[in-house]
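In what follows, a structure is listed as structure tokens, so that the remarks can point back to it.
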Amino acid sequence: MLKVTGLNVSFRTEQGLVRAVENVSFDVAEGELMGIVGESGSGKTVSLLAVMGLITDPNAIITGSIAYRGRELVGLPSKEMRKLRGREIAMIFQDPMTALTPVYTIGWQIAEQILAHEKVSKQAAWQRAIDLLAEVNIPNPGEAVHRYPHQLSGGMRQRVVIAMALSCNPALLVADEPTTALDVTVQAQILDLVAKLRRNHGSAIVFITHDMGVMAEIADRMMVMYAGRVVERGSKEELFLSPRHPYTQALLDSIPPLVGARPRRLRTIPGTPPNLLNRPAGCAFAPRCPQRFEKCSADPQLPAGARAAACFRVNP
Amino acid sequence: MIFALLRRLGQMLFVMFGISMLVFLIFFATPGADPAARIAGRNATPEVLEAVRKSFGFDQPIYVQYATMMKKIFITGDLTSFVNRGWKVVPAVLDTIPVTLSLVIGAAVLWVIFGLLIGIIAAATRGSWVDKLLMVLGLIGISMPVYWLGEMMNLITQSRYHDTWMFSWVPPLGYKNLSDDPKGWFLTLVIPWITLSILYIGLYGRVLRASIIESLQEDYIRTARAKGLSETRILLRHALRTSLISFVTLFGLDFGALVGGSALLTEVVFGLQGVGKLTYDALQNLDLPIIMTTVMYASFFVVMANALVDIVYILLDPRVRTS
Amino acid sequence: MKSRGPWATAVRRLMRDRAAVAALVLFVLIVILCLLAPAYAAWANVDPFRSTLDQIIKVNGVDVPVMEQSTEGLGLGYTPIGPTWELGNYFLGADNQGRDVMARLLYGGLNSLLIAGAATLLTLAIGTALGLAAGFFGGLIDTVLSRILDILWAFPVYLLAISLSIVLIAQGIEIGPITIQSGSLWLPIFIIGIVYIPYVARPVRGQVMALRESEFVLAAIGLGVPSHRILLRDILPNVSTTLIVFVPIMMALNMLTESALSFLSIGVQPPDASWGTIIQDGQTLLYTRPLVAMAPGIAIVITVLALNVLGDGMRDALDPRSKIRIGRG
């Protein structure tokens, strides 16, 4: 349903061009949960903002193709895009503490979205808001609609944001690290909620995280990004059981195993991601890669296909 | 919340007390001069001086003097002018209040409407030439001395272009009572309203633009975009609504300050017999009882207006209201 | 400052802001012109402080009286000469006492700039001291200082100035060994310097309170560094960007306030001039010789505009996200 091909996003800055996303391609099938993993700055959030048409920076340059159910979104007039946003494609944000307008009740904010897209009465929209709050397990939803964001905890606010995203029954849900800002226990509840809603609503989901543990729980297929490029993709099982790219392997080594003896210390990846402004030639991960060799000074390509890795060790 | 309100009211009373002390000290206890001579005005006879001394209790301890002053101004209201012999000061001050209110309210209507318009339009077109033009105009507005602008207005509307179709409707300077002559009231005040409001239109337009643009950087604006709302709705219902809280606060402070004396320059230039003009005339005659009274009433008004603003702020911002 | 880094960056950013640079150049130009006032008066051979009712000057080779006797009515009263547009020869005409307006404009500008500048320094010095003390020591000191600031803040600026000046201007003031004459420029400096103290003290206090909780200050306190050293070496440099941005904005505000007070005859006292007093002089001539009131007003607008633009530029250059705002009144 969503097919992204050769997406590039760059920003003109005073120092030069920053290539935040380079040649990223992926697709998401109806009802599927696609996971995107990467460190901060890997371009995963920017790619999704591009899908949502939410890159408003006048210095941004977006090229490539984003096709949603056969409709091209790159270059779509903003009025058309607006009709899709919130109704067909909805988004959940990373920080629930700041994602809601502080001066309106949560019921008002949910109803606002419904009223923006559907011809229903105000009462009906408010009733739907109450139902949605109940669906995301907010206790006493009839009263909660009259609360202001600051009166709710972070976990509760994230539920509100999710309820809002679901309010028009979107076919595609884009979730940008929805659990990162939350406590561990709340994280688990939110993940359970996402899984349950997926069953009930059947929306396809693109889920961004830097946490491989989260991916293990919910993803169908996955894609790993590094320095603005896709380095590996495949099904969850493939990536977890037989990771090919050294970066994926390093990410997996850095999560504690769920069973068995805990290692004395977790492995971390030495070094830092490259500066996207002055990107060195060759494989971007090479400076941090334990398996690098002469060939890595050239740019590795990501082969086509559902299972692929951009590494010369894998595709000589 | 009740506690916050009571605290604010207590603070208000304290500030009022402090201001009355300050006024008392300035007028009665500055070193180097006899306060009786000052109050009596120029060339006062020894009899008048003696009467002033007795009336204000200058032979008594200082706290009695303070109490006497406060009693004369607020309780008995029998303060009299010695320059204009026997003139009752408190009723004279009360008489001028409608003039000042007429001037300030009309100007406030203008500056709120145009300040909002300019702020919103500039924020919506930020970076374009429209925005730049509006901001330059606003900057010029806040850089003009209001009394000078008033004189230039008079020059144009009373003298140079008075005989043209544009300004032949402008009546001579002065004030007409709203109840006696509503049309005259309106016409005499149009030019003063415009003059007084220009500074504030510039100021509010600039402040509002900056505040809206700051709001537009917030995460919740991204959420609003993701909801598929129109840019207009995002600007007006989300960015503007959160900026309005500071706008209203600012408005309350400025409105209070203007009624409490800051409209003085405009009143003087246009010959409007308001609180400020009364004070100005008293200044020219060195009529201290009048100045004491207007200063006290006006500053008390400002203090109360500021307290009211804080209370409104509590009511406007749900973050403060419900915590 | 430990390094010149942030300041150098700010200066470089300011220099790239064309409007701010133009404003700075304009302001410096105005200051230089006003400093040339005595030279101008000497060159034009006029005394801008003495009334001259019977002088005759040559304009385009024709003898013209500076003060022309009125031919209407009873023949009482004079009309001063209008602008000749000849530099050094009553360029902008004369005021109601036959004094060269151009020369008075330059002298007046000197006084206006001097008063505004000195009052700015006074406000910044006292406001910073109060803000530092209240924010750093907190507790009782903060409570007392904050209430004093509340009182000053609530007191309407012009009424406070009128109250102070009616007492001070009439007979000057003696505080111990210091005697200030009634016509002294120190009185308007003192009055303007006092009324805006809360504008500086309040934001400084807020900033210091935040810095007081920052790790490097807590660490210094924990190490037993004496308070005055922490204030001077750790806190003052951190509020200095705010203070610097305040300079042009306060100066603009003070120019306007000074001119208003002088217009109300409680600022600069005659025969001394400031832009405000010249506008007041011009009020009686408004419909006959409008330039007398117009010229100093335009001078004020240009100067204040330049200062405001410079202030905007400096704020953007030093701290793009700061929220300093003043300019009421």
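We just call them A, B and C in the order they show up, numbering each chain from 1.
Keep this in mind: a residue touches a chain if its C-beta (ideal position, glycine included) is under 8 Å from a C-beta of that chain, and two chains touch if they have at least 3 such contacts.
Source: prediction; values computed, not measured.
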Steps needed, at minimum, to go from chain A to chain C via contacts: 2
Farthest-lying chain, centroid of Cα atoms versus that of chain C: A
Chain A and chain C, separation of their C-alpha mean positions in angstrom: 56
Chain centre separation in whole Å, for chain B relative to chain A (CA means): 53
Chain B-chain C separation of Cα centroids, rounded to whole Å: 22
Residues of chain B touching chain C in the complex: 11, 14-15, 18-19, 22-23, 26-27, 30-33, 38, 139-140, 142-149, 151-152, 154-155, 158-160, 203, 207, 210, 253-254, 257, 260-262, 264-265, 268, 276, 279-280, 283-284, 286, 288, 291, 294-295, 298-299, 302-303, 306
Residues of chain B that touch chain A when the two form their complex: 127, 218-220, 222-231, 233, 237-238, 241-242, 245, 317-319, 322-323
Chain C residues within the chain B interface of the complex: 147-148, 150-151, 154-160, 162-164, 166-168, 170-175, 252, 256, 259-260, 263-266, 276, 279, 282-283, 286-287, 290, 293-294, 296-297, 300-301, 304-305, 308-309, 312, 323, 325, 327-329
Residues of chain A that touch chain B when the two form their complex: 52, 54, 56, 58, 78, 82-87, 90-91, 93, 95, 98-104, 112-113, 116-117, 148, 150-151, 161, 164-165
